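For reference, chains read A, B, C and D in written order, and residue numbers begin at 1 within each chain.
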Amino acid sequence: MSCNFGNKIKITIFGQSHSEAIGVIIDGLPAGFKIDTKKTAAFMARRAPGKNDLSTPRKEADEVKILSGVVDNITCGAPLCAVIENTNTRSGDYDKLRKLPRPSHSDFAAMMKHNGFNDIRGGGNFSGRLTAPLCFAGAVCMQMLEEKGIRIGAHISSIGKVDDKQFDPVNVSADDFDSLLVKAFPVINDKQGELMRKEIYDAKGSGDSVGGTIECAVIGMPVGIGDPIFDGIENRLAAAIFGIPAIKGIEFGSGFDGSRLTGSQNNDDFISENGKIKTATNNHGGILGGISSGMPIVFRCAVKPTPSIGMQQQSVNTETGEEESLVIGGRHDPCIVPRAVPCIEAAAAVVIADFLL
Amino acid sequence: MSCNFGNKIKITIFGQSHSEAIGVIIDGLPAGFKIDTKKTAAFMARRAPGKNDLSTPRKEADEVKILSGVVDNITCGAPLCAVIENTNTRSGDYDKLRKLPRPSHSDFAAMMKHNGFNDIRGGGNFSGRLTAPLCFAGAVCMQMLEEKGIRIGAHISSIGKVDDKQFDPVNVSADDFDSLLVKAFPVINDKQGELMRKEIYDAKGSGDSVGGTIECAVIGMPVGIGDPIFDGIENRLAAAIFGIPAIKGIEFGSGFDGSRLTGSQNNDDFISENGKIKTATNNHGGILGGISSGMPIVFRCAVKPTPSIGMQQQSVNTETGEEESLVIGGRHDPCIVPRAVPCIEAAAAVVIADFLL
Amino acid sequence: MSCNFGNKIKITIFGQSHSEAIGVIIDGLPAGFKIDTKKTAAFMARRAPGKNDLSTPRKEADEVKILSGVVDNITCGAPLCAVIENTNTRSGDYDKLRKLPRPSHSDFAAMMKHNGFNDIRGGGNFSGRLTAPLCFAGAVCMQMLEEKGIRIGAHISSIGKVDDKQFDPVNVSADDFDSLLVKAFPVINDKQGELMRKEIYDAKGSGDSVGGTIECAVIGMPVGIGDPIFDGIENRLAAAIFGIPAIKGIEFGSGFDGSRLTGSQNNDDFISENGKIKTATNNHGGILGGISSGMPIVFRCAVKPTPSIGMQQQSVNTETGEEESLVIGGRHDPCIVPRAVPCIEAAAAVVIADFLL
Amino acid sequence: MSCNFGNKIKITIFGQSHSEAIGVIIDGLPAGFKIDTKKTAAFMARRAPGKNDLSTPRKEADEVKILSGVVDNITCGAPLCAVIENTNTRSGDYDKLRKLPRPSHSDFAAMMKHNGFNDIRGGGNFSGRLTAPLCFAGAVCMQMLEEKGIRIGAHISSIGKVDDKQFDPVNVSADDFDSLLVKAFPVINDKQGELMRKEIYDAKGSGDSVGGTIECAVIGMPVGIGDPIFDGIENRLAAAIFGIPAIKGIEFGSGFDGSRLTGSQNNDDFISENGKIKTATNNHGGILGGISSGMPIVFRCAVKPTPSIGMQQQSVNTETGEEESLVIGGRHDPCIVPRAVPCIEAAAAVVIADFLL
């Protein structure tokens, strides 16, 4: 099924961009945990649109209402269902898309899958809006993981052709994450951040959009978690991360760059540090044979440029079969990468919680 | 569970490098299909070691014995179990690894996970040898998919710093696959192939190893297959592909390169061709919103350099806690990429069959 | 996970008796089906309390709000989420239960499982109230099954020591179901129904409760559906039916009575009827080797007497460890069997839909 | 899928009565457990045929070969695969069954499901023979459970119309199980056992068969295990038990008899015993709200009379559509109940291990 993920912590996401509400069920949460709703709200605010001129001017309050699973915000062992009402919808914008699917959007594939009965308003349940309940689930899992000394953080590692510094894969720390959390534009090197913003403004100025990459790290991970073959940490993280719209690639540790190296360059020697076995380098990204090595888990994701652009494009009228030009109206993000940062963290939190709680 | 994959076609892989046997159960195969065992054997021969001086001199017959699920090689609707006996094992080589985990291998993580009870001989069930039953499952699925007009093919797209040509993502064809199948070293551009082989010989000569990438395509895919969010084709392919040891990255369509582009560069316009809706380009890699668009599915995987190298490395003695130098004996592949090509195809076949059969 | 069921049609039930709301997600429904909300409301009304003096005087409107998965009540292929607000709750009644678990209720086991953090109000998510969303899911599935010529019906087959007639397992028909649907007390033999009601009044009069059994049949089932071993129709029906609180037994076809017979008595000869292969009798209950035979599927369930009774009982104070007497207040059903009839049908509908849609 | 069961301990059963081999994969076993193969062999011997004149004279050695998952019989954390070769098969007996399905056997349903491609020899993978690998899996799980102080035992509780005594549901003990284990015909009351044997001899004498019931108990179960709704102990046990051929009913605690009682009769008062909370009676069968109460888990199963009888029966020729009489040859059990006793225990062990390990 498309909307389920996880084994021990199982999340189920539902809703369409313009349905009554969207939401998530989180099943398997241990009872007796007090959810800090201020922290969940702060986490979700990082994803919310309309914060600045880099994102869509569409305002979404994203106010979460918990329907079940808690008593006085303390988990009670029952499935937690949280919903967010869809209030600020303008369905009129999407009428012509029924006939004229947007390039590189899900419209065409969804229409073919559902015989034209898919909810095309706002992208239906293919919408990036569905990452809001994912972020809520991730925020809850993250609070629980923090109690176990596990932290997750991410930053924009590139926009268009401009790159940020990367995390130090051996020494990435909670301080690194904390300093990213206070930034409106979460990059390590703010100078590069300025250049990245410029890429976004440029794209916006020409009615275009731009893609980027996000780097994420998990620290405090105990050693020996995960399974070989199909239930390794890489398999599970990848399966969750590709659930975020616009993600088209993922790599762990040295990833694609590592594939160009020799074994002697890419292997990570073991060292002994204060009686603990660690590795001197971390090209393996904290995962060996699908299992955590105790080193930071590090991965990077490719985010494609937002397919909804203001420029004229070509589509095919599904009724007439004729090629037609298309200009997409509505309010769109010129770059989805900044808002995707907490989504990546949230997906990672859900996966790691599923392994550990 | 670590050894299960799939929903409708479910495969379960078992065995360790030096256990009595390794094997696979394939459940959910439709009854009445005649398995062409010559074709499955030919497929598995592509993965087998010892074929030439580029791979380990270790000989593995990889003779498959079908224990159940067929009557006269015709599927009968019962789970198909196939086993391969482990005959050519030299366990003695691995004795010291119990104390001294190999850098960038699963040894250390597995020991920590299983309290030292993991089967360390030959990598246990973390061994690349477990891809043999995966290849068998893939070969069977591929035969069934071919009856539906679906073909899957892959090539070595880089070794070390040398790149092959890439598939034409719009027009990649069965002919492309057929011409790769007859090559001992499956690349599109044989001149580049020569340079790649040199990279491998060089690594071998210095007791080192080298990584690479593999590109895979699925053609003939019907439109509208897959689900958004967690059960998209990307999620499922990634979850399976990371089950192959040494894979550290995957990207679909324009992938990481596409993340550096603008929407107007990366979007794929729709066109009408003989009454069929297609896209003019294929940066989306045949998948939109998790669902097949009808265009070829194209993805690339990063394969890390084989961690088992002959050069001296540093490890930590898990009994004494002291750092020690380590030289790995045994017979190893200087480059796993050529043998991983059919494994990638097999994993893809299993996933696509799970969606379609 | 506790709240998920199904493979192709997957339902996820959430909520507690006194949480903000209860509800269900139905994933996997084919797109393009118009849900008849009058019919779903009528189905749910059969389960609703407060209809007559045989059930709890507690009124629950059970008004369903569909949050997602439809456009104008037509399924769109996205997960359907439906919620029912909890309005008429009187939590005060349950305060002392935190210390003094009710005999034969889930209180004690739930407290032990969740370290005292379970939501004890109204039974939390162990409450029979959770069958309301199950009934909604069943009502939707049933509408879809009816389009395929499949009907499901059930009747009260015993209350206390009084038995109803049983369905004719060979010839049970849609007419039988239709005549049950118009009855406030759904029995085949109304005279026996009168005696059953008297059993309930007697129990109610003395502050006691009474159990019973329910018989259910599925007709129009195609032959050849289901799988041997763990995914047979019996396995799946049993797994779902035991999800309804108070169910303590299930039997298919001749069931426990059949275990007292010889093979020659219990076997069902095959006959040819208008070119169709049927069985002369139906002791196998429509299921052979886990697979449908094409004959009506017939099963019976045991419903225990409602554990919440007004009479004095003995419990143990979980704080002091002392035995104490307990009298349960609140508003309870003297017999849950009549309201459980549509729940059994709903669970069966969900299972059969999962096999067929 | 039909052949998988479990979440944490996942078993996968494969094979047909006359395929090369049958077997089971057990995934999720903790590493470091020494399997006592003498004990597993002794357990399987209880199921094996040909032991006495009450069962089929067919001899099956049922010798188990472990292919993977252990090193020197100590689990290593990898999936354990165990196979049993099929040696003593006489396929000729089954030829005419292709045309003439046996009454109350799976033949007809399987043919319809698999378009005639099912393996009809010996019942294919619908054969009771598939309980041999189930017994192996159960025997392994049972050894692990015993280390945690959990014991499982079962006895024949009726054959035809003759009943054994039932377990004392409050005080059933390991001694009760031990005294059953040494009996060739496992009943509590040996006098009743004699009458039961007579029922079997009578059936055998007239070429007929006879059914019965089996009662099973689990003791030492910790309190608070299981989940409400769909993952309760009852749901899971039922789902597994119906995987054993010929099972047509299951009831927990007072079960169907309890449905005829009032709440005041059926409720189990809580008592305090040596500082532990227990119940005075155990009509709830150790399970409340799907969760263990800490009292013995007690359930009974209905086993239908073996459908393969020597008497003339009526079938329909699937080629001509004509009714024909049928006399089944081959070697069959006049009563499957005695051999099903360890199968019930094994299924229970697998389920309880899945909850606890």
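Going forward, a residue touches a chain if its C-beta (ideal position, glycine included) is under 8 Å from a C-beta of that chain, and two chains touch if they have at least 3 such contacts.
As the structure is a computational prediction, the values presented were derived from the model and not from experiment.
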Taking each chain's C-alpha mean as its centre, the one farthest from chain C: B
When chain B is superposed on chain C by its C-alpha atoms, the rotation angle in degrees, nearest 5: 180
Whole-Å gap separating chain B and chain C, where each centre is the average of the chain's CA atoms: 47
Centroid spacing, where centroids are CA-atom means, of chain A and chain B in whole angstrom: 26
Inter-chain centre distance, chain A versus chain C - centres from mean C-alpha coordinates, in Å: 39
Residues of chain D engaged with two or more neighbouring chains: 1-4, 13, 110, 113-114, 125
Interfacial residue positions of chain C with respect to chain A in the complex: 1-4, 10, 12-16, 19-23, 25, 27-28, 31-32, 65-71, 74-81, 83, 110, 113-119, 121, 124-125
Of chain D, residues touching chain C in the complex: 1-5, 13, 101, 103-106, 108-110, 112-114, 125-126, 130, 158, 160-161, 203, 208-213, 223-232, 234-236, 238-240, 242-243, 245, 247-256, 258-272, 275, 277, 279-280, 283-285, 287-294, 302-309, 311, 313-316, 318, 321-323
